[in-house]
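The following pair of complexes shares a single chain, chain A, combined with chain B in the former and chain C in the latter.
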Partner chain A sequence: MKKNKPMIILFLTPAVLFFLVVFLYPILRTILMSFFHITSITDGIGEWTFRGLSNYINLFQTSLFRQSCWNLFRIWLYGGIIVLSLSLLFGVILTSGIRFKKVFRAIIYLPNIVSAVALATMWLQYVYSPKFGLLKSFFTALHLDSLAKIQWLDNDHKFYALLFAYCFGMVGYHMLIWCSGIERISPEYYEAATIDGAGKFAQFRFITRPLLKGVFKTNVTMWTVTSMAFFVWSQLFSTVTADTQTIVPTSYLYIKMFGAGNTVTDRDAGVSAAIGVILALVVVLVFTACNKLIKDDDLEF
Partner chain B sequence: MEKPKVKKVNWKKELRLAPGYIILLLWVLFTFVLLGWVFGASLSTTPEIFKGNALKFESGLHFENYAKAWSGSNVSEFFVNSLVYATISCVVLILVCAPAAYVLSRYTFKLNKLIQTGFASAMGVPAVMVILPLFSMIASMGILNNVTLNRITLVLLYIGINVPYTTIFLMTFFSNISRTYEEAAAIDGCPPMKTFWKIMFPMAQTGLVTVTIFNFINVWNEYFLSLIFASSDKLRSVAVGLYGMINSMKYTGDWAGMFAAVVIVFLPTFILYIFLSEKIIGGVTGGIKG
Partner chain C sequence: MKRKVLSVLLSVTMLASLLTGCGSSSSSTEQAPEAAKEETAAAATEEAATEAPEGTLVYWSMWEATEPQGQAIKEAVDAYSAETGIPVQVEFKGRTGIREGLEPALAAGQQIDLFDEDIDRVNSAFGKYLMDLEELSASNDYEATANAGLMQACRDAGGGTLKSIPYQPNVFAFFYNQDLFDQAGITAVPTTWSEFLDVCQKLKDAGITPMTMDDAYATCLIGYHLGRLVGEDGVRAIVTEGKWDDPAVAQMAKDFEELASKGYFSELVGSNVWPAGQNSELAVGDAAMYLNGSWLPNEVKDIAGEDFNWGCFAYPALDGGKTGTESNNFGAQVYGINKDSKMGAEAFGLIMKITKGEYDQKLSEMSIGIPADSTNSEWPSLVACAKPVMDGSTNRYTWAVGVEANEDMTPIIKENFIKLIAGSCTADEFVQTMQDAAK
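And now, the complex of A and B:
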């Protein structure tokens, strides 16, 4: 098509401006900030003190930050295993030719459109409630009194309570990614396999699994991106400001940015910036590792 | 909805699929119990909820919980805020991103690849990477002390954050439309910009509607930006407002009212979903390459 310079410029400028102001400039400045000590976030560059890498080094020597990273790592790993395997299971079932496929799919995806605050409140105030909770009534009805007595939100159980509630809301999204991948595999493969006498499990192992490598990569990347932004759920499940059971790096960053009343530590926007950079680096790292480790271009379908 | 096809039930096949049905049914049942109970509790009373009789409605249905939550706990204010934020952002996003997506998908020029890569990477950047400089910029300009300016800034942020996703999503739609339409228009002497607004823009309608639904749900449920950039209660979105309400509820002890507020917050996206679930589900994977 013929080039039309004025039109290209006119049509692109607003979007690119938004991108420069909301993404590019802040990202570069955050990286710069992470090497400085900044008492107040509104301080100009002149008031910053250069610290080199010490923000990063200090962070990893702070036990609360290390705890927050450990929590996030567990959410990423355990949650990832739970969500990706459950969603794959649902994806395989949904594409196996069952009835009411659309209805099932719509209901399983439903939690994804509910506000995280509303969803977390349902879990906190209903499912885990020690007075009238779903788990309590369920186990009481089964006469499993020892299970019914468990305080799901005490310090020993809180982390896993948070993890399961979060996973419940995430399954639908990843299920849709799996489904779209499975549906792209030609049904002829399965027909041929059925004729050759391969059962459902053999078909999954020898057809579905190898052809889904690329989709697996997408799933891991998306899971990592959402995990690194983990914050609302942690805030809702925390009973005190720096709850060691549920704190994640972003909550630590929030405390460092705005202070937390009396507890924890002094404010330092430079340290907050360093946390942001670390989280972004994790996304880049996982993305690169996935691309290196999982090659999906050796299979054409 | 598609017309159900009349097919004879193949019992042998259905039996083989039985484990699948059972797993899905259990999950769906749990979802129904969770949402259904919360909805029921929102029409009950706090003492009944605590006795475990939330769904017996011994004293009738208490719609006044909704009235109380709506007017008494500021929910109406948060609700209107979110509605305004989401509506304006959605409209501006289309006006900003549709032309950009069109140009990026149709023309080859020097910066094209770079802009696309930039937008695609921005979708993976955690929000914490951008909020610090933005906050310092906005705070030092004194915007946080002015309600109107703060509101405008918040909407601009919602727009900016969603620009990369919206553009990338719409690009696939434009590149799927045949070029013959523009060629025909050019032969008839229609200038390219007019061709876009009169012909291409209406043709991408399905994509525009789908991405708008997503943007609406995203902005409606947004939490982090509103938490940091809304300086007062007057400006908060439903998600942050609800969070504040739940915290204060710990002191007032109005559980029924709290569940009513939860339902009010999730109702708009839920209603959208009931009518548009097929479109939403189709759109989720539309923006991602497998």
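And now, the complex of A and C:
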């Protein structure tokens, strides 16, 4: 094909300019900001004070930030295991030819279209309520009094209460990704396997699982990206003042950027930028690790 | 050749559409003044995201349009526009909208003539954008009918000069259920810690849970107690300089350990996530007392009902304490005028409309809040109980008496203090944990 350089340049210029201005400039500016002390996000560069790497060093020396990273790691790991395995299970069941598939799929996906604020209020003020909550009523009906007495939102249980509520809303989304991956696999493989005498579990183990490697990678990356941006649920589970059990790096970033609670506290957009850079690096790291560890290009189907 | 021409045409079309997309807002603002001429002043007050035409006052509000405060303010704004013919563009941004969006907008030079938020945030975080209001206040004789304590608080927060105008005053104190107090035979509110313990015991003896708390306000409890002992400066020193070995901390921890061990706190205090405590315990009559702001009766009125018999008393004084019941966390929302506003006098006029006379009274009634105009001496009945506390407050504490001044410590203080009042850690453990955390 004949290449027409002026045309290529003409067509690419708007997109390249758009990318440079809207994506690349903020990224570079954020990286630059992370080396400075900046009181307000709107301060001009002349008002910045150079700090070198001290924003990063101070962050890792602050126990609250380390706690927020630990919380996020647990959300990513435990939540990832729960959400990805549950969503895979539902995905496999829904694509196995069961009746009312569309109804079940809609039900499982439903929490995704309900506002997080409404969902969190339901969990906080109803499901976990130690006075009239769903869990209390459920365990009381089963005469499991020790479980019925648990205060799910006290310091010992709050993190897991948050994690469970969050996972509840995330299963449907990842289930759809699994479904799309499973539906790509030709039914002929399963028919052949059935004729050869393979049961459902063997079919999953030897056909579905190996052919879903690419989708698994997509799911892990998507889960990592959404986990790094975990914010709303943290805010909803600890209104006004942050909480050691629900704080995550993004909520710590918010505190540093806009101040904490009702008291006017020191603000530092530079520290917030450093947190943003750290989170971005984590996503890149996980994505690279996924690419190295999971090879999906050895199978063609 | 034909293909080349077509390609060029397509490229030009694409670029043009891109530029049109980028330029749409400027073209709409060009049309705006023409359109505005035909609009009535009242209609122009409607919330709009477009740039305001010249001669229009732009007000960014911390309220939502659906809140009672937002509704009352909207009425005042409409009345102001009708009287003066000055169109006002109100943008109800909400608390988060102001906190996140106001400063970038001001820094970008967007036309915002006046805005409102909490007294401390306006004067510190937005301080460099504020117009000095001393002259406007004097020429309008504003202070003749204003709360002197709050005006002074605004001057203190503004670095010695008046840069904000207070409205919707509030005071932070113990709110209680008078019917439960009567049931327990309590005839006077406690003013000292020993009287407070007596009140708790009487309630307990009558089978009533003396008090509850929500996680969001737990820091106010520890802040008030420490503040009574060492004053706000002392509290700030403890949390920002890590002086958790101060004897006041140990005494505070012992006092709350005693309250917890005697069962004066609700059993649910360890797991109450706001607003569980205020809604499902205090408002329904399951607990008698709750430390909160004077906005509480409004927040729980739909649950508690109009006939809820509210009472209020200042946080009790402590033996040997540095401050007494005259020191309280009282404050207000405040209005600030943008120093770059070309309509400062008009903006001040609108502030007068909202914070004086009829509309101040209306705002107070609709939001069950405290009036700012001293001639509006009638407080809404649900919040009238807070009047003696407000009137008796001569020394101002800031929020939570400064205990949240160190943002890196606040969640740790909150976690361990809630454990202390829930009885899941001892006073000594609390002090030790805080000392370790501050290292």
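The definition used in the following text is that the second predicted complex is superposed on the first by the 271 of 301 C-alpha atoms of A that agree within 3 Å, B and C clash if a C-alpha of one lies under 4 Å from a C-alpha of the other, contacts with A are read in each partner's own complex, and residues count from 1 in each chain.
The working rule: contacts are C-beta pairs under 8 Å (C-beta built on N, C-alpha and C of every residue); 3 or more make two chains touch, one makes a residue touch a chain.
Since the structure is predicted, the reported quantities are computational estimates derived from the model, not experimental observations.
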Which of chain B and chain C A:Gln125 touches, first, second, both or neither: both
First, second, both or neither for A:Thr194, with chain B first and chain C second: neither
Partner chain in contact with A:Ser186 - chain B first, chain C second, else both or neither: neither
Between chain B and chain C, more extensive residue contact with chain A: B
Chain B versus chain C as contact partner of A:Thr49, first or second or both or neither: neither
Touched partner set for A:Tyr109, first chain B, second chain C, both or neither: first
Touching partner for A:Ser63 - first (chain B), second (chain C), both, neither: second
Touched partner set for A:Thr288, first chain B, second chain C, both or neither: neither
Which of chain B and chain C A:Phe237 touches, first, second, both or neither: second
Touched partner set for A:Arg267, first chain B, second chain C, both or neither: second
Doubly contacted residues of chain A, that is, touched by chain B and again by chain C: 4, 7, 10-11, 14, 41-42, 125, 131-132
Residue ranges of chain B in contact with chain A within the complex: 13-14, 16-17, 20-21, 23-24, 27-28, 31-35, 37-38, 41, 49-52, 54, 95-97, 99-100, 102-104, 106-107, 109, 115, 118-119, 122-136, 139-140, 157, 159-161, 163-164, 167, 179, 182, 186, 192-193, 196, 217, 220-221, 223-224, 238-240, 242-243, 246, 255, 258-259, 262, 265-266, 269-270, 272-273, 277-278, 280-281, 284-285, 288-290
Touching residues (chain side chain A, partner chain C) in the complex: 4, 7, 10-11, 14, 40-42, 62-65, 124-125, 128-132, 151-155, 157-158, 237-245, 247, 255-256, 258-267
Partner chain B, residues of chain A touching it in the complex: 1-4, 7-8, 10-12, 14-16, 18-19, 21-27, 29-30, 33, 41-44, 89-90, 93-94, 96-99, 102, 104-111, 113-119, 121-123, 125-127, 131-132, 134, 137, 173, 176-177, 179-181, 184, 200, 214-215, 218, 221-222, 225, 228-229, 231-232, 235-236, 250, 253, 257, 269, 272-273, 275-277, 279-280, 283, 287
In the complex with chain A, residue positions of chain C that touch it: 4, 7-8, 11, 14-15, 18, 99-100, 103-104, 106-108, 118, 120-121, 124-125, 215-217, 219, 268, 270-276, 279-280, 398-400, 402, 404-412, 414-415, 418-419, 422, 424, 437
